[in-house]
């Protein structure tokens, strides 16, 4: 991954600022012949759109995506696909007073220190709006996956809001689309609604943990050592703004497990190897096993809250700042479709990479 | 990062199998004029060497590193530096019975499925011995950092073995070199010794959590969006074998924090911005703030334990396996110098990348 | 260089088809703080625009470039700059009859064989219109160069049309802007006008040789071995469609020179080394010497001519084809600004790469 | 391509200086299961070895290649292959007097200016000995090609020495191995022998032109726009030291051709498209057509000749220099196996890249 592009063969470069004319994604390396259209991509973007429910920011962006290249008669040509989303609801005046101040917990100060210039409107390039471009690219990746590996299913959901986790024994994937939190535990979702209502009124915010499962991934994907599948998934997740941790399988809990508990034993099934458990999260030695790939990441609470914070100005004076305007009690919610999009991009990339470096799976068992 | 190379400008490609003739690292992009010699690199390798204490594997490798290129009169030339470590103590016969079986929890099965061929001796390329090459490269990175940014200090240590964490209020960095665990809490180290003794006798193993702190890192390092400093650190850590999770700053705990708790407030000090806290772990928006960079990663327990496990053979038959020979109750211990080495490589890389893309820090405050 | 992106730090990805909605360039890695606006880029594009004179194709494209990101208050932010040019004059009906046929000498057949799908309108992605995007990116590179290395001057011109070369003893750079051929030899330009008039009436075409000189380039640029400055210049030139050869300095003529003739001797001048000649074309061992960098490339004649050619259809039947519509007697003319743009991009890239890998020039002489 | 690595999927990083302990190539991305051994690679190196005939330098290097990794039971594992060649005949004392002086026409001065340090012994990293590593890597590429695309044949030969070209109507490929020049025109070879004898006695040198033909290359290879097959071939050839020009097909002569002459017409044959000619050199739009790929490059004369030249010292004083010791009347001769090796590497790389991005050829004709 380098600067603004990620991926080895399926390469996505996102561009655009929160308050610039537009933002988008240049997708290079999409296999040819994939059927895609703007409506399909729009579907994925709409799941992410702000204003969708009262728990996410009230910015009303139509987020209409256009496909400017790489398409002919409804199918990809193998040439770069340019996806563009024009910015319309920018409300510049909401941000005008932070031209001189650095919002604590945001990238304002570091962008200034690094570049000596920063587009302060809405967080500029560091804004979460950049993730709209990723979701669009993810929609294209999903379309390609549907052609190359239709058995793959990618599902993201929230497992924790603030200190409140779900009850894993009560997980029901069909609940995910039934509440504003992509939560597979209906009861937890109700609790979260009350909790976040309270936070929003208090002008505060909280973090979250998102989990993404990929089913039906063939074994053999991943390019050790530094192009390992888990390495690329971790990097993809960590690159989402506000993410502070990434886990695969048992994650941090692996540390406390014993070897006798942790190793997933193997038996032979009718269609191939069958594992007794999945502590590994579907990846061994950086390569997929064929089991469910389990990725988790933690999003920190937004620092844009309605309480006064101490900070400094560009000229080095102590001051305070209150974020007015839009306020998100839990930015993590919107990260669910983004996490899914990243996983789609990484999996497609690795399907192509494996096919390129090795060809079809080489090693037969049985 | 791609396949076997990581880094943007300071690029390290590791090569070599556990039981091949040699292993090493090709380091491309080291700045010219850096003073380095084999003895200095050897120092870093010796910290990692197996057999160093009774808690790590008893394989007696001298791990002697040679510098085969890129050096002239004791200084780097700017051309690729080839670091080679010859394998001497391979004890092939210890591994012979796993030619046909896949060890659960290891990469045996996935390497077979991906490549259709695998060097089963000692784990081949997936072996932890690959990390010796990284430590050598890290030694070169440290030497370059000493020239370019001598104020940077990188320190790694263990914060948890199995379920037993350190007492952070009792942390004393000078203790790190005083026990076999790189533990900054002397009391915890004693407890760990007993705990691991018990595990070793039981033929079992456990995981660990390693933390690495980098002090004195200038602000402005990191190349958003996909070359973010935390993205590259996460990828570097996740690429170490057996790592299952990565955290920056508060990590997973960020999820439960409120925005009012989490944001690090800023005041102006005599030498620049001063932060009231460091929940961010030294990175905002993917760019360093100048605060301590705090990275943590979890290592799973090794699956090479002395109890019988169920598995299958290459020909698809159910069988069992016991790992004989070397047994490590906690492979995480050896990951401490590896974590430090990775951080050194990533920081040097980003110093060069920032210098290239932007020049010296642009944005003055005050 | 990879697929649709070239450059190491200053990375340009072009996208777009001749008859798609738009085309453009995603420029990543432009240093921050560079002043640029649409009018400045437009200037460079206008030099390339079809319809500018009767010797280039009569397609009337306004070629208006928009800057969609990476800019704030008139200066680059260091984030990706998206340059977009909308296609307006596409005259699809001119191309409709080649949906089934492959034009000889064009990429029609190879795009079909590779991708199994091709946008046949106007050559799709293989069209020369892609070079408009490069010229736009080159305009941005020039702006950055003006900030970083204002003494650099890049000038392109034609030295040969068909079999007719210029008289190098009669070269006058001020003549370049005075004729439709960017020709520094006024007399040769007149001859070319008659020659091409005849060709156009005959419905035929001819090739050309373009030379680009870069003056004031500091010594030390280039990253041996595979990032050599001449390697990257050669690749940049060869990537322009219809280019079939690249030369540096003496080029092909080097083969016939003796060592005693070819080596450029060195003496010490008041400001540094002074060379007695420049057979090397300003590059030794892949690194700039500080002398003029001399690059030449040959453009083949377009195969879109008004005489019938034998070819086949997609279904494998023998047929013939005549290209109707626009016809260019010498496509090489339009390649002059493209060559300049590529040189600008490569030089900027290498300035940044050198600064990143090495810092300021290390080696003093005297 | 970047710094010291070239290739997209089949990636070769060469390392080592002329007088360092060793040199070699780290080859990453070789497909698994390829049969290779040291003897096979040695065969390719022996074709290049100095001292092989009286027309190439008399340095007696055994050039013994060792395979240090990436191999198991005689087949590649898919992990990095480290090829190492130890330097034995270095005769440091031959070079001692140029520690302070810059040899005109060599990279001495530019390496000093760029890096501020240079290994002056034998040209250090800029030495032609680096090409030994490429030839070794090329041997591995050939082995992989033999598995993936056994119909591909790659043949290099000289077409011009100094001003003396071959008679193309007298070309007989079987003559190539019968003379010291890899010349397919026996009569020309005799003339060259006399000519070079004279040059050697005069202490002078001359350049050469090498042509490489690749037959049996499937259509569809190449990744437009910037990963075009001809772009990568041009870069590969230009990266060989002393190369000053690259041509594909008609090359520079394309400029003088008319469109009516140049386009290769197409007819349908029993096995697919058949072309009436091959002015294109087997590549259209950057993608292979299935015709012979024809690459040519010019090597300048070595500047290491036995006549006194004017130059300067590191401290900026005017001086003169005579190259003593080894003297090559035509370094171009040794570039023939290097050109072949580069073509092998690029073709393999593109086979993998095409397979990765697109899969098998998509577009059927007929």
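When the chains are written out, they are named A, B, C and D in that same order, and each has its own residue count from 1.
Operating definition for what follows: contacts are C-beta pairs under 8 Å (C-beta built on N, C-alpha and C of every residue); 3 or more make two chains touch, one makes a residue touch a chain.
Keep in mind that this is a model prediction, so the values were computed, not measured.
On a Cα centroid basis, the chain most remote from subunit C in this structure is B.
Of the two chain pairs examined here, A-D and A-B, it is A-B that is joined by more C-beta pairs in contact. As a whole-number value, the distance joining the C-alpha centres of subunit A and subunit B reads 26 Å. Taking each chain's centre as the average of its CA atoms, subunit A and subunit C sit 38 Å apart.
Chain geometry summary: the mean Cα position of subunit A and that of subunit D are 45 Å apart.
Across the assembly, subunit C contributes residues 2-5, 14, 29, 32-33, 78-79, 114-118, 125, 224, 357-358, 362 that each touch 2 or more other chains. Residues 1-6, 8, 14, 102, 104-107, 109-118, 125-126, 130, 160-163, 199, 204-209, 219-228, 230-232, 234-235, 238-239, 241, 244-268, 273, 276, 279-281, 283-290, 298-305, 307, 309-312, 314-318, 332, 354, 357-358, 361-366 of subunit B touch subunit A in their complex. By the touch criterion given at the top, residues 9, 29, 31-33, 78-79, 224, 352-353, 355-359, 362 of subunit C touch subunit B in their complex. The touching residues of subunit D, when paired with subunit B in their complex, are 2-5, 11, 13-17, 20-24, 26, 28-29, 32-33, 66-73, 75-82, 84, 114-119, 124-125.
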